[in-house]
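Heads up, there are several structures right after this.
In the two assemblies presented below, chain A is common to both, partnered first by chain B and then by chain C.
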Partner chain A sequence: MIARLILAALACLLVAFLLTPQSFAWLFVPLTKNGAPPIYTQTGLLSLTLSHLGLVALASLASTIVAVGLGVLVTRPAGREFLPLARTITSIGQTFPPVAVLALAVPAMGFGAGPTLVALFLYGLLPIFENTLTALQNLPPSVIEAARGMGLTRRQRLLQVELPLALPVILAGVRLSVVISLATATIGSTVAAHTLGEVIIAGLLSANTAFVVQGGLIVGLIAVLIYEGFQQVEKATARRIGQMQQE
Partner chain B sequence: MADTSLATPVPVPRISRNGLLFALLGGLALWLPLVQFKANRIVAGEGLSLPGALPGGAGWGFVCLVILLLAAGLLYRLPLGWRLGLALIGLAAVILSLGLAAKGLTPEGNRVVRVAPASGFWMLLLAFGLMGTDALSRLHLSRKARWAVLCISLGLIWLCLASGLLNETSVMVEYRARADLFSRSLWQHLTLAFGSLAMALLIGLPLGIMVFLIPKLRRGVLGVLNVLQTIPSLALFGIMIPVFGWIALNVPGAAQIGVAGIGLFPALMALFFYSLLPVVSNTLVGLRTVDPAVHDAAFGLGLTQRQVLFQVQLPLALPVVLAAVRIVLVQNIGLAVIAGLIGGGGFGSFVFQGLNQTAMDLILLGALPTILLALVAGVALDLMVEAISPKKGNVT
Partner chain C sequence: MIRIENLSKTYGDTTVVQPVSLTIEKGHIAALVGTSGSGKTTLLRMINRLVEPSSGKVWIGDEDAATIAPHLLRRRIGYAIQGHGLFPHRTLAQNIAMVPQLLGWKPRDISDRVDELLTLFQLDPARFRDRMPHQLSGGQQQRVGVARALAARPEVLLMDEPFGALDPVIRAKAQDDLRDIQRQLGTTLVIVTHDMEEAVTLGDRIAVMDKGVLLQYGPPTEILTHPATPFVEALIGKAERPFRLLSLSHIGDIAVPGEAEGPALPRDTSARDALAQCLWLGRDRLAVQGGGVVTLEALRTRAKGDGA
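Right, the complex of A and B next:
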């Protein structure tokens, strides 16, 4: 309960800061030197935040659709042959540094939001795919058997039994992927994407700690809020399908 | 875990579906440009596909070889060892064609023209690389054999680079212009990744043991570390600069032991903070999953609390702790790239310099070794975790 109150307070604080950044200027003044501006004003913090979130949301949505689709495909009889290969690709892919993926997307896409989207999409696939696979392969066999015995078709079994049961674990994968994307999108501003990293980089370039802190604070707060939000949804779905909390 | 035996009653297809995937990838790659021919290192280049990139008819020869290899990969009943051989020949052919194309296209003595690997090259590499790793993973080699494969692959990469085969390709030209800087960057990158890991183990292990022994502290410590983990890497790296700059200035003796607000130190500390959570939480999980019966049995034998901890519980928790080492090392090798942005050195300095100058080859010079380091660290530590895990044990 207390945790929820703190989270709600943090959310209010974040919204208030984004809407009226100047009213928080006094907080950041001690971090500046030689009368440098305490609040980043080149671009509105709100617009940067929205574009940051937009990029992450778009990339995560695409990765979720593709990764869950692939996860379903390789666990069906028709796609079973791809399963070992898919496993190998995920485990290798996860060792690729996100920054390297981002940098390598630039030559293919040019500067701007494009390479960031591609990098976020590609990197976001892995945790979701891995979790989808784990969830679909570790369903209780008795339930699947019962569904088959009830005469459900393959399609009905997938949509009405397997996916709903796998949902909490899949969601955990999406959460992981979104949190990684939030941080990686920050680095996207080094390739001229319109994200909150712009504030941090401006701070690094002009040795203005206030910019670094406020950029980091906004992204950090959003990450914490999204992380907690997802966990609540996961708990709710787990409860719906009658699973005990595992930890 | 569901076993995926191939003995299903479904009629056996004659074409290997994986082979079909690789063939499609490879076939597409043949249409794409193998190399980019650029008048200098910054301008956009002209793409040349495999037949056009090599002098004389050699290009068509390579095309035929690639098609032959990909077609052979389609055979469903091809033994896995053969499949691995095909992939190796394919990889060798692709790399050889790149080297020959670069040699053939670069005019004698010209220091400005660049021949860079292009999409076709990377896709061919991907197709044969996937073919090889797929065969390897299905061969179910023993641990020793997998170590051997790792060492042989590294040897082959070294041979490719040392033989001068790729000397005229853009990335190698870029390398020769800064060979000294490269070895220094490698050194810095390794210092960042391993140094922060060592510090995280030094602090994280005792901290993990402490929260295991004193459950009251668990929520607080893990909560703080969790929040640290969500701070975006760029911001954490940035915040370290003023913080440690201030400490170096105002805490007596701090500057003498190496604390500084510029250079390697702030990056090292940022990586250290990121590494703490995996180390502490895995130590805790490892200790908690030790069977209480084992603990009681050790007590029954007359061991003291301290002896039980150090001689029974910690050794049993070791696989899980080593799994954390794997996570941290791979993560730190990747994150250390960001140090390049705050003047911390490492391969990131090439990446970000390359991004600033839109010099693709320089980006590759930073990104490729980083990826290789991360891959090698990941594979090597996986093998080590497997070696010390109890058979069929589940390691998180």
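Right, the complex of A and C next:
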């Protein structure tokens, strides 16, 4: 209950700051030197935040579709042999540094949102894939047996039984992936994508700590709120199928 | 009717079910018993093709099961397993409605059928229809599992240790209910069990398996009085044999004219319970409702398997 109130307060604070950043200027003044501006105004913070979120949403959506698809594929009899390959691909996606992906993608795609999307997409695959795999491999055997025994086709079993039961764990994977992407997206600004990274980089270049802090704070707050939001949805789905008793 | 002809299953080079042939008459109950790993589940699952037979045939009525697509075959055959296998993300009504839905029943007919089954299994539809499986007791979940298997009025019902996880009191109740419902619907039932007691009380025929071989297939009395091999004899438990035989008859069938003191017992009391009463009360005859008595002498004869 108290946790909810704090979260609601944080959300209000965030919205207020994004809508009227100047009214919070006094907070950031102590971080500035030589009368530098306390609030970043080159581009509106709200517009940067929205485009930051848009990039993350788009990349996460693509990661989710591909990773869940891969997870489903390698748990079907016909796709089992692709399991090691899928593991390798998603692990490389996670271990290959996003900065390097940007560097490689810019010559091909030019500056802007494209390279950032690719980097976030690759980086986000692994948690979703691993969770999908774990969830689909650990479904209650008696339920799957019953579904088969009742005459559901493979497709019906997947859509009506396996995926709904795997949903809470898959969502947990998406949550991790989204939160990682939120932070990672900031580096997109090095290749001219519109993200909150722009504020941080501007702060670094002009030695203005206020910019760095406000960029970081916004990203951090959004991450916390999204993390909590996902957890609520996961709990609701898990509770519905009796995997979690009411607290 | 189910006819099994030379049905066998081989994994690699181990044969887990040696060729088995047996017939289960329409409306009868066949109980499959045997030690763990003897191939009961495998035999059962070959009937609805959850396991593809290595050789042999299964006839459901006069249709060769191998000629029906597996998922269509399974929609015609009820299947209930230990641990019930209810879909945890669906309400009880949705669970029961599954196969009728697959078969394309009208929504109206489905919801009528759901209520009918819930009532049949003593679960008030108004209270239980929209509950989730995890909100039920183990015994209730098991009942819904059986109700779900019966939803589309299958001619044949397969059950694999359906009552294995229930406590003895609830289990006895579940067995009684199952027997009543099966009689009422005329379903042909094959039930796998570890429990000889359950096989004797439920089965019209008992099939005894050991190491993939069908050792004996016959009515309970025959299995009890004329076990085909020492293994069968050991499985039925020599010490329990007289009581099992007694549990097969009702006192109404062995009553003789006469008078006895004390309250009269219902005619469908098992001979076993009557014996217990005689011993406990120290009497040698008990009154039977509707006239007549059951004597200790008659019980003794029954316990030896005579006159069955």
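Following the convention adopted for this analysis, the second predicted complex is superposed on the first by the 240 of 247 C-alpha atoms of A that agree within 3 Å, B and C clash if a C-alpha of one lies under 4 Å from a C-alpha of the other, contacts with A are read in each partner's own complex, and residues count from 1 in each chain.
Just so we're on the same page, a residue touches a chain if its C-beta (ideal position, glycine included) is under 8 Å from a C-beta of that chain, and two chains touch if they have at least 3 such contacts.
Since the model is a prediction, treat every value here as computed from it, not as a measurement.
K.L.:
Is this a clash or a fit when chain B and chain C both end up on chain A?
P.N.:
fit
K.L.:
On the A-aligned overlay, A:A25 touches which partner chain: chain B = first, chain C = second, or both, or neither?
P.N.:
neither
K.L.:
Between chain B and chain C, whom does A:L53 touch in the aligned arrangement: first, second, both, or neither?
P.N.:
In the superposed model, A:L53 contacts neither chain B nor chain C.
K.L.:
Going by the contact rule stated at the top, is it chain B or chain C that touches a larger number of residues on chain A?
P.N.:
In the superposed model, B touches more residues of chain A.
K.L.:
With chain A at the apex, figure out the C-alpha centre angle toward chain B and chain C and round it to a multiple of 10 degrees.
P.N.:
Once the two structures are overlaid, it is 100 degrees.
K.L.:
Mind working out whether A:G216 is in touch with chain B, chain C, both or neither, as first, second, both or neither?
P.N.:
first
K.L.:
Does chain B (first) or chain C (second) touch A:A36, or do both, or does neither?
P.N.:
Neither partner.
K.L.:
Looking at A:Y227 after the superposition, I want to know if it touches chain B, chain C, both of them or none. Which is it: first, second, both, neither?
P.N.:
It touches chain B, and chain C stays clear.
K.L.:
Is A:I241 touching the first partner chain B, the second partner chain C, both, or neither of them?
P.N.:
second
K.L.:
Looking at the overlay, what does A:G149 touch: chain B (first), chain C (second), both, or neither?
P.N.:
Once the two structures are laid over each other on A, A:G149 reaches chain C alone.
K.L.:
Once the shared chain is lined up, is A:P164 touching chain B (first), chain C (second), both, or neither of them?
P.N.:
second
K.L.:
For the superposed model, what is the least distance in angstrom between any CA atom of chain B and any CA atom of chain C?
P.N.:
Superposed model gives a least chain B-chain C C-alpha distance of 9 Å.
K.L.:
For chain B, which residues are in contact with chain A within the complex?
P.N.:
1-2, 4, 8, 10, 16-18, 21, 119, 130, 133-134, 137-138, 227, 230-236, 238-239, 241-242, 330, 333-335, 337-338, 341-342, 348, 351-352, 354-355, 358, 360, 363-364, 366-367, 370-371, 374-375, 377-378
K.L.:
What part of chain A is in contact with chain C in the complex they form?
P.N.:
That would be residues 140, 142-143, 145-153, 156, 161, 164-165, 240-243 of chain A.
K.L.:
Quick one: which bits of chain C touch chain A in the complex? Just the residue numbers, please.
P.N.:
48, 50, 70-76, 79, 81-89, 98-99, 102, 132-135, 145, 148, 158
K.L.:
Quick one: in the complex, what on chain A touches chain B?
P.N.:
31, 77, 80-85, 87-89, 91-92, 94-100, 103-104, 106-108, 111, 137-138, 179, 182-183, 186-187, 190-191, 196-197, 200-201, 203-204, 209, 212-213, 215-217, 219-220, 223-224, 227
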